[in-house]
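Here subunit A shows up in two complexes: once beside subunit B, once beside subunit C.
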Partner chain A sequence: MTTQPSEPPVEKKEIPNYKLYLLAVITGIISYFIAALNPNLSFISIILIWPAFIAAAGCVEFLCRYGLGTGTSSIGYWGTACGATVVFASQFIETTAYSPFLEIAIATLLGYAAGFCANKIIKMKIPRIELNSAIIAGSTGIIALIILEIFAGGAGMAGTTVYYIYPVMYIGIALTILHPYNGNLGAGENQTRTLMLAMCEAALLTSLFGFIGILLPNTPFIPALGMLIISIIGFVIFVSIWWKRVKEEVYDVVWAGYPEGVDH
Partner chain B sequence: MEPVTLTLMIGVGLAGAIAFIAGIIEDAESDAGSSSNPNSQVQLAPQIGHIITYYDKAIAGEPPQNGLWAAAACTIALLLSWRFADLGMGQYYAIFFAAVAGAAVTALVQGCLGIFAHISRITSMAAFKQPLYWHALLTPLPYSMGLCFLTALLLTLLSFVASGILGNSFAPPLIALFMGITLGSIASGTGDIHYGAERLYQHLPFGSGIAISNQGDIDLKGEYGFRNSVDTPYFCMRFGGTITALAFGLLIFLDGWSRLFTFAGPWTSIILEAAIIAVLFIFLNRLEKYTRDSYGPYPGQEDA
Partner chain C sequence: MDPITGMIGIIIGGIIVGICVHFIPASAVGAMSASTGIATGPSMLSTGCGLAGLYAAGYMIGESLPLVVLSGAMGSALMIICTMLLANTICAFGTGVAPVAGSYDKDPITGWRQKPFMSPGTDGHSMPTTTALSGIIGALLGGAGGSLVFVSVYEMISPILESTTAVTIAGMVGAGVFLINCVIPAYVLVGKSEGMTDKKMKLMHKTFVSCLIVSVITAVFVYASVVVI
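Here is the complex of A and B:
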């Protein structure tokens, strides 16, 4: 027996991912300079990196509709591998050419190259994978760059203790951009609710990073505390927006009981 | 016996024991949230007319999610242990209490992501008239979070043992990430076999796989009332949990041997594991042949 789906709700036109990415790049660069010039205003920087999570989650949603996995082996890890790795690797390169523009550009290009190879060499034949892979890599590069800058307190990447947080940063960013679509998977998935969940999870992750920042020995206390507080406030606001949307779309919300029409 | 060798032996035994317990707990954690293969079946059920009361905790793949729990808990534990040490606390106390705090924070993150996943996925099933049951979420949620706490705690302690006593050259958070991904992969590949088919399809014959036509046609009723995800780990710990624990525990235990016996350097553990796999393969092959000879072919395979 197959249940006939009821009439699907009329969905608004989706926001193109490149527009989300342009917003993420602009806010990301502003965010970087705020954190670099005045570390005490880093709570504003945190607000400005949330669009990068949304842009990347939007691309994961777009690509995974074509059958890419949403679990272990998936585009989220691929994109993060390109983006975050560029930022992490750049910390070991001593050069005067170091700048956020260069890092974001290299991350984006590397993501594009990975997507290009996927379509041209591996023949994955997924429409627009180059563009979306580039956006995911660029977005994860922005996120890693700004968080590391906040932890450094505007003093560059001096000190090695920050290297201890690379593993949690890498896997945390990857999961946060990947999970919004994975968590919404199903016939009724839509971009609006997926991106709302991306906002919730972005705030959750930056809360975790804020807590870690408070514990990091060389990180100034005030920026890390600001990061934690702003992220918690953002989390509460985003969850309330997401829950409102869920209540509009869910079939029914009940405490318990047997489903209608099922013998018991 | 030299003190160094004794310390190493204790470290190897401790690492193996922690890994074994972590294996049981992690498999139960994934079973409590219908992760991995069972997740697809739980997801399919409403589409074929089965209203479910399972906890649909989909967090982007079991290996990476475990990597996150372990890496987050271990990072917090490492940083917090430095703070505790600055306050004059002893090294081992500092690590233990910091590990507990790190695992507690991680369990909260897991709970949040689990809630998001369950509610969002159920909402996406609205077209199939699947309601959001609070009891299906709130009953297994604390259980699942508790198991996540234990998994994160054990993997954190394991990382500190590997880094400290066994002398692994990587930093504990990186070891924790590797351990988490490894354990998640083992539980996903080994433990879930004994959940996906055995527990979800008890009304169908077990032993030769589940036909595509039966995918999603899962059990809805439990021992009492409608089945929810709390029932599942109780069932799976008998076999899925222990087999996961055996695989992960043996891996860590034998890896430690490469520090005790150095006849082939870093390859020692690989040679030992290959030998054990060969012994198991031969034993299982003989057992299968004996079973077939004694009891005949499987039902439906008489012509083969």
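Here is the complex of A and C:
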């Protein structure tokens, strides 16, 4: 009896990061206007900013394949610096008429300029670093902007009073986008699994912000509570999916230990 | 300080921050005492110094510009001096290796020989005198550059925001500009630098141009946010 050779596993095509970013921008803009027009529906806004985490984490994963001159942590902090700094600086703008388009556009431009310098002036020769750093900066800008919009209760960046949580936001966003790559298997890692871990961490981070929003005296309670509940639900769902993805490529663990009856 | 001067201050501060990273001795393999420098990336170490400098500058806010910048520089330098002292102590008494550099045969300041004390297969370990001095110069520059950005943003926004809010936001924007500019040189240094004696110092012009471009965009946006829009 002959056995049929098993077919080689089909390599899944990766999702291009620019498509993820386009999705993140569209959902981000919708999310912003939902939070601005009806703060009580902010739980929907939170769901709609998760794609921005995926787009940014996908770019970190892409760039780190080429062995950056800097570490994963640096690229994450750098991208967050571009995006979040633009959003924090936009607090000085007296009108919110240009939000969120201005912040997203400037953050993306700053990220692109930084990537352009890395590739053309410093000659890092990393493929598409300009595009990917622009995506990281734009995505982190979207995340920071919408979380602050929710905390401002729809009053816009000019009305936000929670400037004292900026450092927490900064560190949280940076960690969430840089960790999924290192948290899986590093170079050559399955993109879908990395992005699913990014979803888990995104939900965890937004639940933290929901919790912070509940505790702070000058943030609206209902939107923060909605943010917390929807994020916890999302976290449970994403962790279960991610765990299945982890087990897909795990080898069997077999007992190879002591015989029965022996103390060990 | 008028907004135009503030904008120029952000640009100059950003460039100084980028240049400071070249002076900071750091290397990830320093964790195994396999290379000269503190055991982390130059960018991360510079960030640590810069943020310490911003704290120090924050205490002096409201004083004259030179005092605030000097305070930031001193805070930053103090941070790196403590770090280098402890790193050298651990290497000398914990790992059992002498502070030696791989990039020169004799220390330019003390004249002490380096090669006989270098462990085989390594590029040096911890921080000898010249490398340590380079780190202090880098930290002084970084702290001064970061503080300059901080003060510039503060002076621009203080007329429109109350003092405590303005300090907090200026601090965050200053930290953001610091992070953007201090990671760019990491692409030139490729994760490892021995400070001012390293050959990569010759590539500083690339850092200068890159930080100039990025700082101009950031400064123009901050200026536009405060004044134009």
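Assume the second predicted complex is superposed on the first by the 224 of 264 C-alpha atoms of A that agree within 3 Å, B and C clash if a C-alpha of one lies under 4 Å from a C-alpha of the other, contacts with A are read in each partner's own complex, and residues count from 1 in each chain.
Throughout what follows, contacts are C-beta pairs under 8 Å (C-beta built on N, C-alpha and C of every residue); 3 or more make two chains touch, one makes a residue touch a chain.
Not measured: the values here are computed from a predicted model.
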Exercise for review: For A:P220, select first, second, both or neither according to whether it touches subunit B, subunit C, the two together, or no partner.
Suggested key: neither
Check your understanding: Touch check for A:G210: first (subunit B), second (subunit C), both, or neither?
Key -> neither
Review point. Where does A:E189 make contact in the superposed view: on subunit B (first), on subunit C (second), on both, or on neither?
Key: first
Check your understanding: Which partner does A:I106 reach: the first (subunit B), the second (subunit C), both, or neither?
Key -> second
Practice item. Figure out whether A:G234 sits in contact with subunit B (first) or subunit C (second), or with both, or with neither. Key: neither
Practice item. Report for A:C117: first if it touches subunit B alone, second if subunit C alone, otherwise both or neither. Key: second
Review point. Which holds for A:Y164: it touches subunit B only (first), subunit C only (second), both, or neither?
Key: both
Practice item. Could you look at A:L197 and tell me whether it touches subunit B, subunit C, both or neither (first, second, both, neither)? Key: first
**Study point:** Between subunit B and subunit C, more extensive residue contact with subunit A
**Key:** B
Exercise for review: Check the residue A:V246 against both partner chains and state whether it touches subunit B (first), subunit C (second), both, or neither.
Suggested key: first
Review point. Taking the two structures together, which residues of subunit A meet both subunit B and subunit C?
Key: 69-71, 73-74, 77, 163-164, 166-167, 170
Revision key, fill the gap. Subunit B contacts subunit A in the complex at 36, 43, 46-49, 51, 58-65, 67-68, 71-72, 75-76, 78-80, 82-83, 105, 109, 112-113, 116-117, 119-135, 171, 173-174, 176-177, 185, 188, 220-221, 225-226
Review point. Okay, in this complex, where on subunit A does subunit B touch?
Key: 1-3, 5-6, 8, 69-74, 76-77, 163-168, 170-172, 174-175, 178-179, 182-189, 193, 197, 200-201, 204, 208, 211-212, 215-217, 242, 246, 249-259, 262, 264
Check your understanding: Can you list the residues on subunit C that touch subunit A in the complex?
Key -> 28, 41, 43-44, 47, 157, 160-161, 165, 168-169, 172-173, 175-177, 179-180, 183-184, 186-191, 203, 206-207, 209-210, 213-214, 217-218, 221-222, 225-226, 229
Exercise for review: Name, in rising order, each residue of subunit A that touches subunit C in their complex.
Suggested key: 68-71, 73-75, 77-78, 80-82, 84-86, 88-95, 98, 102, 106, 109-110, 113-114, 116-118, 121-124, 163-164, 166-167, 170
